[in-house]
Amino acid sequence: MSDAQSFILTVVCPDAVGIVAAVAGFLTSQNYFIEESTHFGDPDTGTFFMRTRFVPRDQGYSRTAFTAGFAGIATRFGMDWQVHDTRILPRVLILVSKYDHCLNDLLYRYRTGALRMTIPAIVSNHMDLAGLAGWHKVPYFHVPVTPDSKAASESRLLEIAADCQADLIVLARYMQILSPALCEKYPGRVINIHHSFLPGFKGAKPYHEAHRRGVKLIGATAHYVTAELDEGPIIEQAVERADHTMSPDDLAAIGRDVESITLARAVKLQLEHRVFVNGMKTVVLR
Amino acid sequence: MSDAQSFILTVVCPDAVGIVAAVAGFLTSQNYFIEESTHFGDPDTGTFFMRTRFVPRDQGYSRTAFTAGFAGIATRFGMDWQVHDTRILPRVLILVSKYDHCLNDLLYRYRTGALRMTIPAIVSNHMDLAGLAGWHKVPYFHVPVTPDSKAASESRLLEIAADCQADLIVLARYMQILSPALCEKYPGRVINIHHSFLPGFKGAKPYHEAHRRGVKLIGATAHYVTAELDEGPIIEQAVERADHTMSPDDLAAIGRDVESITLARAVKLQLEHRVFVNGMKTVVLR
Amino acid sequence: MSDAQSFILTVVCPDAVGIVAAVAGFLTSQNYFIEESTHFGDPDTGTFFMRTRFVPRDQGYSRTAFTAGFAGIATRFGMDWQVHDTRILPRVLILVSKYDHCLNDLLYRYRTGALRMTIPAIVSNHMDLAGLAGWHKVPYFHVPVTPDSKAASESRLLEIAADCQADLIVLARYMQILSPALCEKYPGRVINIHHSFLPGFKGAKPYHEAHRRGVKLIGATAHYVTAELDEGPIIEQAVERADHTMSPDDLAAIGRDVESITLARAVKLQLEHRVFVNGMKTVVLR
Amino acid sequence: MSDAQSFILTVVCPDAVGIVAAVAGFLTSQNYFIEESTHFGDPDTGTFFMRTRFVPRDQGYSRTAFTAGFAGIATRFGMDWQVHDTRILPRVLILVSKYDHCLNDLLYRYRTGALRMTIPAIVSNHMDLAGLAGWHKVPYFHVPVTPDSKAASESRLLEIAADCQADLIVLARYMQILSPALCEKYPGRVINIHHSFLPGFKGAKPYHEAHRRGVKLIGATAHYVTAELDEGPIIEQAVERADHTMSPDDLAAIGRDVESITLARAVKLQLEHRVFVNGMKTVVLR
């Protein structure tokens, strides 16, 4: 069944008996075919999360009609819900500094359609990666950041994000800390890649710390950015083997592959609307 | 929510619009709370597979009542379905020869409750592992197999399986080939561990073959036993790194860990009613 | 070439030109065949580590002759060195509390020869695992620990370790903290398994912490025990995938497999004389 | 110690007592510092393989002087040997067709210095990837292949390889079979990436075969190209998890990442002179 016709319904609400039945019953009553459906009720928070991919049969899909029909169920269960048309690609703003491995990987997956998104712009505090962006025909905005210009730079960043109607902001090794205000403006919509297996080695130089501590695996963590540094909900993590012969630079070289793949996986999960913030954690419905 | 109260419904039927809604609607109408639910419609075979774990609220569960209520839906969609009470532990007959690593692992998980099953008997064509069985207080049946006794031995095996009402037969490195007749008597209920990453290295000496070919990873495959040797539907596979320094014995030593964990995972999936045969493949609903 | 004839030479000294040549030259001059040889010079500490496995040809090996011949080289380079006869199995004292997964795994590998060691005794502060020890015919010493008896208990522990001439002490989920005095008495010879991916989640309840933080991988770390808790040099680490559906108990269940395999690998490396303490890190010569 | 000063000596000869001592003794006599040294004696073939990285002290390195000095040892043990100056980058000719994932990955690692090589040319039987090559400023040669032109095309290929003095030829998903003549002209110097876990799924459509068979892991294999298709000595292999929901296209999408990383690892091992052909297998000295 072609993706082109699919819609994704996401639901978050207090857990209760009958939610799955109500949602599935409604979809079926509209002659929507359920391709995929996953849900999770968190016993700790009493919250229910659901993701359903459906394909309209017969008369197709109209947002107005769906909303009208679904309103009763949504109200009854107190749902926070959305429907995403999979033909409309999410708009992803990418922030970078000088490291290019994550950007290169994201652009490759963008170019080949492995990540189904558009990239309206790349923003960087340096000019180094303008050529890479240019070859992929993605507009590149240079927004320098100095200790004095921090507030002004972030304003400019927000303007660009607004202008290009970003659905998602990805920090692909962007070496600046975002203000709490910005994080709150895009809750659950700013993803960072941290170059360690969190919660180990928070902060600025994780590969040096990993070397100093002599760990036998190094890792990377993709997480939502929140006001508290390196403490946002974790989306995806991966590791690779390390050993005593490796210098911090060697660890960083191996780490680049882990960072790239971990960030790409997290972005893919997000683009497919599989990730839900659940307090300080995530629910990832596969 | 305690497992002790859970039931697992499995459904296989031709794919159609409305199955999820019908099943979820019925469960909700009975005041059953859906804890977990996964399904898959195979576009190649047009077959729908579903596994739902539910907990009765209020008045509890009665098989008679469930069957009566569910009959209409089952008939409408042409369902093959079952409900399993998770408090009733499946009965698993284990077959072994002389290698003890898989048996030791299964018995450990059985003893500690990591695998929720009973083991009514262990059958072997050798006496070597009687002590291990004995320490776990599991009856041990010695059924020797010689070229001449093959048919008689298998009859005896079938008697034992029948006597102990085996729900599942696990070949934990049982070095005898079962007859097609036996395989057909327990369709989708005989699991074997093969010591290679199938379809590579079928047959009797996979570690020698892996050594000869110089592979850089060795693997293990848990699969259902069918009439055709090493061709049954694959349930689970895993690999471990190997290198040029390793002899066939070294590969076998590493392989023992891979075999044990792969078989344990497959048995766990089966005990949780997550595995469905789909032609020559499996559907594993996690 | 059979292991039974092999000897392992380990060397630690300040790095310099000519060490490998001197060692290899000496071994060859004695008609010893070098089967394996690995070394590492740490640029940070200027320390050289070497492990060589050799097989005597002709007249065989005599400790006296070797020492006499090697003395000049050892003195010239300031070597700390040892020769181990691989036919003499190291004596490993195992400490446990109530969790049996690591002990069960170690005993299985001991029983089958996968770990080439003897186990002169198992010590526990509880009686729970006496049966398991008994079935493997390993003496079991019950040394209870209470807040008041802590010093006396440790004295008893040291007595037992001395009586059985332990080469290595393995804490297989022993839930007591050893005194700095004991750690210093067996430097680089006490291995602990910690149930997290250090340095994340130090301390007592790592699976609860992992659950609270919502990590997507859980890990285990085998390390030498030092005076500072969970800070000793790391020998081996491994991880396994986790997800949002898992409770702390689920994480612990998965973690048991990771702990067992990680500890077994670390013990194997140690038994093969591959691990060297290098400040707060290890060098592991494979 | 900077890589810029390092040399790599590789040795292959019949196994014997005294090789390590002779080589290390010679290097030390020349005041060369041994940074890394690994060797392996294959008990099956009686062949000895050695790789040593050394740094000249004092007067530096001269090929003439080294050869003169080493000749006696080389003759005594019947050595096939080479010294590689790590400052001189190997010249790698890349062959592609239409798939760009491996090429993109190799070019990224080339551009960033992660793979220390030059790429004098890219050859393709299609024009599709000329732009990618162009952006990396690598000459792109279009050599079409038709059933009739096969011999002429390969002649042209050989001309290009000769003109650019290729040390290594990498088939980065080049969808043409090379003639035995070409393979013999570059023995142990043509690397292919096959999109399956060999020896499973040889031939043209491994992802379709993997889908048909329902495997739970898919893999990739980097191997030397020999006259016999998909049977050359294996250098590196890796796998990724797959499941029943995945179509052949989904498997191929996951497989692209596995192929890229597996090929990159194999090329890196080759560039570092770590891979030796040993009959139908490889020895990889890490």
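Chains: A, B, C and D, in written order; residue numbering restarts at 1 for each.
Heads up, the rule we're going with is that a residue touches a chain if its C-beta (ideal position, glycine included) is under 8 Å from a C-beta of that chain, and two chains touch if they have at least 3 such contacts.
What you see is a predicted model, and the numbers here were worked out from it, not measured in a lab.
Asks: Report the chain pair from A-D, A-B or B-C that duplicates the C-D interface, where duplication means over half of the contact pairs agree by residue number.
Replies: Answer for the repeat of C-D: A-B.
Asks: If you take the mean of the Cα atoms for each chain, which one ends up farthest from chain D?
Replies: Computed centres place B farthest from chain D.
Asks: Centroid from C-alpha atoms only, then distance chain B to chain C, rounded to Å. What do you get?
Replies: Spacing between the chain centres: roughly 36 Å.
Asks: Just give me the whole-number Å value for how far the CA centre of chain B lies from that of chain D.
Replies: About 42 Å separates the centre of chain B from that of chain D.
Asks: Name the residues of chain B that each touch 2 or more other chains.
Replies: 43
Asks: Give every residue of chain D touching chain A within the complex, in rising order.
Replies: Interface residues on the chain D side: 100-101, 104, 108, 112, 114, 135, 253, 256-257, 261.
Asks: What residues of chain C sit close enough to touch chain A in their complex?
Replies: 40, 42-43, 197-201, 212-217, 219, 233-239, 243-245, 247, 278, 280-284
Asks: Touching chain D in the complex: which residues of chain C?
Replies: Answer in residue numbers: 1, 17-18, 20-22, 24-25, 27-29, 31-35, 37-39, 41, 43, 57.
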